[in-house]
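Same chain, two partners: subunit A is paired with subunit B first, then with subunit C.
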Partner chain A sequence: MKLHSNIHDDISLKQFVIPGLTRNPAFSWIPAGVYPVLDTGQESRVLDATNVAVYKRIRFVISNLAIAILNGIVWGLIMALIALGLNMIFGLLHIINMAHGALYMLGAVVAWYLIEVTGSFWIALIIAPLCVGAIGLIIERGLIRTIEDKPITTIICTFGVMLAVQQLVLMIFGGSPRRISPPVAYRFPLFELQYPAMRIMIALISIVLMIGLWIFLRKTKYGLWMRAVVQDREMAVGLGIPVNKVYMWTFVLGSALAAFSGVLAAPIVSVEFMMGRDILIMAFIIVIVGGMGNLGGSVLAAIMISLIQGIGSLFVPPSIATVFALAFMILVLMFRPQGLFGE
Partner chain B sequence: MFIQKGKSFSFILVFVFILLVLIAFPFFVDLFYQTFLTELFVWILFAISFDLIFGYTGLLSFGQALFFGLGSYTVTISILKMGLNTELALLLSIIIPMIFAWFVGYFSVKLTGIHFVIITIIFAIIGNIIGETWTAFTGGSDGLTFSPPPFRLGLFKINLMDIKGNYYFVLALVALSYLFLRRMVQSPLGKVFISIRENEDRARLIGYNVQRYKLIAFIIAGGLSGLAGGLYSLTLKYAAASYLHWSVSGHAVVYTIVGGMGTLIGPAIGAGIVMFLEHYLINYLQATDLVVGIVLVFMVLVAPKGLVGLIQSRFKKGEVSA
Partner chain C sequence: MVEKKSKKKVEGILKKEISRRDFIKTTALGAAGLSLSSWAPVPFTYGAEPPIKIGMFNEYTVFATEYGYWLGKVGKAAIAKLNAEGGIAKRKVELVDYDTKANPAWSASMFKKMILEDKADMIMGSIHSGVHKACFPLAEQYKIPFFSGGAMTYELTGKDGIPYYIRNHTHARTQALAGWKWGFDNLGKKWTFLVADYAWGHSLAREFGSRIVAAGGKTQEIRAPQATQDFVPYLQKVDPDTEVLFTAFLGSAALGVLRQTVEVGLHKRLQRYTVICCTEGIGQEVVGKESIGAYYIEYHPRHFDQVPKELQAYDKAYRKACGVTDDGREVGNPKVTIAGSHMWSMWIYPYMIKLGIEQTGWKDSKKNADLINAICSLKLKAGPWCPVGDLDMRVQDHQGFTDHYISKVEPDLKLKVLHRIPKENVMYDPEIDFRKML
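This part shows the complex of A and B:
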């Protein structure tokens, strides 16, 4: 299982080993290469500016740290989009959408096809969420409407949808992972290393989408209705809000958000039919840590978790970092089931 | 259907009949189908152990894969690396998952609904990550292969490398587990489980320590899932970290929903139907889970009580009209 994204794969401090430096005895209990920041050799040499190797190493560590932070923010914003969709659907419809990861994957796959046909990432970015939104519409109208009041049943039902969608994609798209070449190839220098500008672009698009969502929820009629239904469903019905329609559009919007993040993640991770399976769990974790129904909390939690994973995987293997993150989630679930940022 | 209290004579009759048919099977079908049926028995055990916590106690756990994988690793590692005999390895494959189930359950049963689902998934994920990372011990995603020594119990000896011997061995243990679970759900303990499923608050008001009973159900189901995992490894002579993936629990969910939750016989029937469906579909379709997913959605929408529930309601209607 790979809960960490391979966005962090391109950085590793372990590559940078300086010959001739003795290990700091204070850190001798740590295996060599595991803890490179602390393991910079003798302190006297660290302070010695003439020691070029140590100086270079520190520069290298700083640039890696900068990249880890940038990667963490970029990936956190992508995860925030998925988690926002999941959280909106949960907050309004009170259902857990196990198919959400599959919708994310579908967004990336549809984008891959659109890029094959049209050659433009930007067309895919607009069309793919529309397609996935339409599929979300079918799922909501066809399946979820009929079983809305049974939470456990909806979990199982959407689990079935997840299986079906994944396997459908396996049949049509094939099992081997494919790559989308980033539409912006420029890499800008960042200390000792280089960073792809595309990732900054992805982060900006995510931020624009989130601001758009915020304006939608705050300033439009539908947004007002959605917030009203979240607060008090019966009262909303009494005031003549078409709750049924609000449910439908919320689900469609959530699906489209998942697809957006799928398209945005596609140039970073490889596109394959299983890519949504583990992301789904990560999105659940973000929603729980941020607080169920708390949209701002989800964004914060997504960036926080992604940053911790990114920076943590500089020092320990990413899988170990994930295990610690998961153990932390268990504690959150036990002691603050309303989320870290809830009242 | 045939498992209602007060109909135990007809139950015994049907049970013995089915058992005799299954005992006779290996003389009529080839080795491929013998292995296939052995695997089916293992999945039946996994499904009915899941039915105890989901169908009877009302806890939707997607973390049963953890215990399944633990059981399979316990058998594999204790035979391959520690040189234990099969009897002890199999016993450990019940006990060790039970200990883990106690640990996981201690945290999990305090939560309800969606939080319970998620926390069980998280535990399974942790297990899977450790399994894939700790390759020196677990073999990672490549897994471990081994050849089990014969199973001995007194003068009794079964060669597990022989497919037919393995078939009878698994059949016997699954049948025993089924009887054990059936006895349990009919006992006062089982009634408490059902009362928790039906109305947790009321069960608490009557004076039952709901969390404790949930934990008991969780531990028993964990142990039997472990046994299923152990038998699976003995059948395939193989264990891998992918057995620990939370989506393996999805098998049990599918079988239970298709067959009918809270009936024990339902998940067994469901496992049979779904596995045979997959087996025949694989000739035409690479992605058999597509059909499984559609069947699952269809059953949830049309017959949430599964096939057994469908048949039962048909029976009752017949009685009323007669």
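This part shows the complex of A and C:
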């Protein structure tokens, strides 16, 4: 942040008299005038302008810190959903899915069309991931299955899918960004600013989805098969697990998770054909930091990176705070090349 | 098998005997056909002059596509009108059209292709300053007139410019000259600039900011990447005493910043001010009710009923030719909003080229210098080819000047013009004199 001049710098030193403002002995350790909100005692007093400025500044910093932490967690949870899908596909199929960001975008675009027809965000939240999951199924069966043991070819192939999906959406949906209205418009006060309740709701939905995914992986037959294939593919085949089917459903699930994130993020960001481009890079960073193939690691890494960026942006311009996330990734790769939680 | 068949066919043709009568009959028929064909109605047969080729490139994919779509559409409509009216100096005008992909390196290769392969006589289009800069060396090397579609970095017709570059539209400095004083007097003295972290955003913050500070105001500048999706980390840095929040982003980021300003409640304690570039090609309904109360600087009103009365007849015809409704949407596709403050540049250029060629007797690139000087000396009056009102070109720096407008988003999500700023108010001293360099 570059300041041509600081607005607070020239507050004159004339005295402000705040009538009726009294001091609570419980907060006597706080210098007088620094935090008048806490003052609720008996005696009136006078604050000078410098103290008012200091008070304002402290309140501003606390407000910023609270928002940075809250927003970091919310974005971390959305990013975790995207990274989970990416990591699942990598963990099981060993495919670096370059089309994952395009599937995230596709989720938002399909949701936009569904909302146009039904008028309901919640219907779109359920149906859009199913539609994108079906597209994922076509991609897996039609393209990836034949080349799934050739990593370089799959990268090129999924990159091609990404470009094809982007251009197709540009052709049909157009280049202008569109908006999905937040289904919850309520905002709650947070110090100097307000915070939209919708973001908290998105975070909660993400948590529910992640718990659902954990139950699916731990408590269902398919989840067991998936874990078995990750551990030892040959043994899984020998035991009669339908590995091809497991691959297919994993790709479908990964695609649907990307679409879920797209629908959830759409009321915050805008829907457009390039919205998956930058998200993909951040999702890869999260997967690398969390450990490739480690789903829990992805969740924690997503929240950590978002918090690093959020809190870092209090001290440096937010665009530079992104460098912190990259520096963090480099440090992790130097000391734990397998990722923070990878084995 | 295939080889045998074709061999037989060839032999058949060769063996066929042609009598003298057959030969005379065929020749006579051919000659009659040829002479008749010269009588057939052909749109452009005005002598042996080849067509004038105009190269066009715009951002059709990747980024700023809402601009590219309209600049391309209006450019084509203008050339069609020009040809329907007899072309330029009785020569047909042909258009070759390419995508810049918003990529300077790619655009430079397309620019070269248009010059060398398509034999374009002049090139127009693109709103991307980086694309323009990348093409400058080629325009200089081949001495090709290059017309800006909508690049807003003011230095392009200043210290960073080239003598072959022509811009008939506004840019960051003229916008600042148009809008800073009105904003300072009516909206507030303490400004925060939240702008895209590249040349255009910096340019706007610098141009507005320097004037605000000089007038005794205070400014704060926050830069964010153009691709920013979540603006909360940036908005929370806005100084609590700020009275005016000036934002400058394109596309989805422009939507995001306007909406998220409301989401965090900042709109209650400050005024939002921006340039129309931010939501060109995007309907206010897409931004949503969060845009109500925001102030814009427009370079031509989006809605027909906001166009000054004396320009309405011209504007009506221009909208009809370009397939635009009175409400500023595409005919037959009401979800598509026009890039109304930008696209007119492509409507006016073909006419400026026509006037320039007619004045100089230009035939080919040998007279490009004269052509550029003639075009940049034009003082266009409002008319069917200049629906935005009078347009003054300045021969020194090849910059054009038109009126600007301050508009506000009303509760019905329409941009209502509050104030018209005459072109004389946005003029500044030229930084360079290209006349000596051509």
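The rule is simple: the second predicted complex is superposed on the first by the 284 of 343 C-alpha atoms of A that agree within 3 Å, B and C clash if a C-alpha of one lies under 4 Å from a C-alpha of the other, contacts with A are read in each partner's own complex, and residues count from 1 in each chain.
Following the convention adopted for this analysis, a residue touches a chain if its C-beta (ideal position, glycine included) is under 8 Å from a C-beta of that chain, and two chains touch if they have at least 3 such contacts.
Computed from a prediction, not measured in an experiment: that's the story for all the values here.
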item: Three-chain arrangement built on subunit A, subunit B and subunit C clash or fit; value: clash
item: Subunit B versus subunit C as contact partner of A:Pro196, first or second or both or neither; value: second
item: Which superposed partner A:Ile96 touches (first subunit B, second subunit C, both, neither); value: first
item: First, second, both or neither for A:Pro337, with subunit B first and subunit C second; value: first
item: Partner chain in contact with A:Ala68 - subunit B first, subunit C second, else both or neither; value: second
item: First, second, both or neither for A:Ser319, with subunit B first and subunit C second; value: both
item: Which of subunit B and subunit C A:Gln167 touches, first, second, both or neither; value: both
item: Subunit B versus subunit C as contact partner of A:Ser176, first or second or both or neither; value: second
item: Which superposed partner A:Phe60 touches (first subunit B, second subunit C, both, neither); value: second
item: Partner chain in contact with A:Gly296 - subunit B first, subunit C second, else both or neither; value: neither
item: Residue range of subunit C overlapping subunit B upon superposition on chain A, of 1-9, 109-117, 271-279 or 289-297; value: 109-117
item: Subunit A positions touched by subunit B in one structure and by subunit C in the second; value: 1, 3, 167, 170, 277, 317, 319
item: Parts of subunit C lying in touch with subunit A, wherever the complex brings them together; value: 61-66, 68-69, 190, 197, 209, 213, 218-225, 227-230, 232-237, 239-242, 251-252, 255-256, 259-260, 263-266, 281-282, 286-288, 335-337
item: Footprint of subunit C on subunit A - complex, ascending; value: 1-8, 56, 60, 63-64, 67-68, 71, 75, 167, 170, 174-179, 181, 187, 189, 192-196, 265, 268-272, 274-275, 277-279, 309-310, 313, 317-319, 321
item: Contact set on subunit A toward subunit B in their complex; value: 1, 3, 90, 96, 143, 146-147, 150-153, 155-157, 159-168, 170-171, 277, 281, 284-285, 288, 292, 317, 319-320, 322-323, 326-327, 329-330, 333-334, 337
item: Subunit A-facing residues of subunit B, complex; value: 60, 107, 110-111, 113-115, 117-119, 121-123, 125-126, 128-130, 132-133, 245-247, 250, 253-254, 257, 285-290, 292-297, 300-301, 304
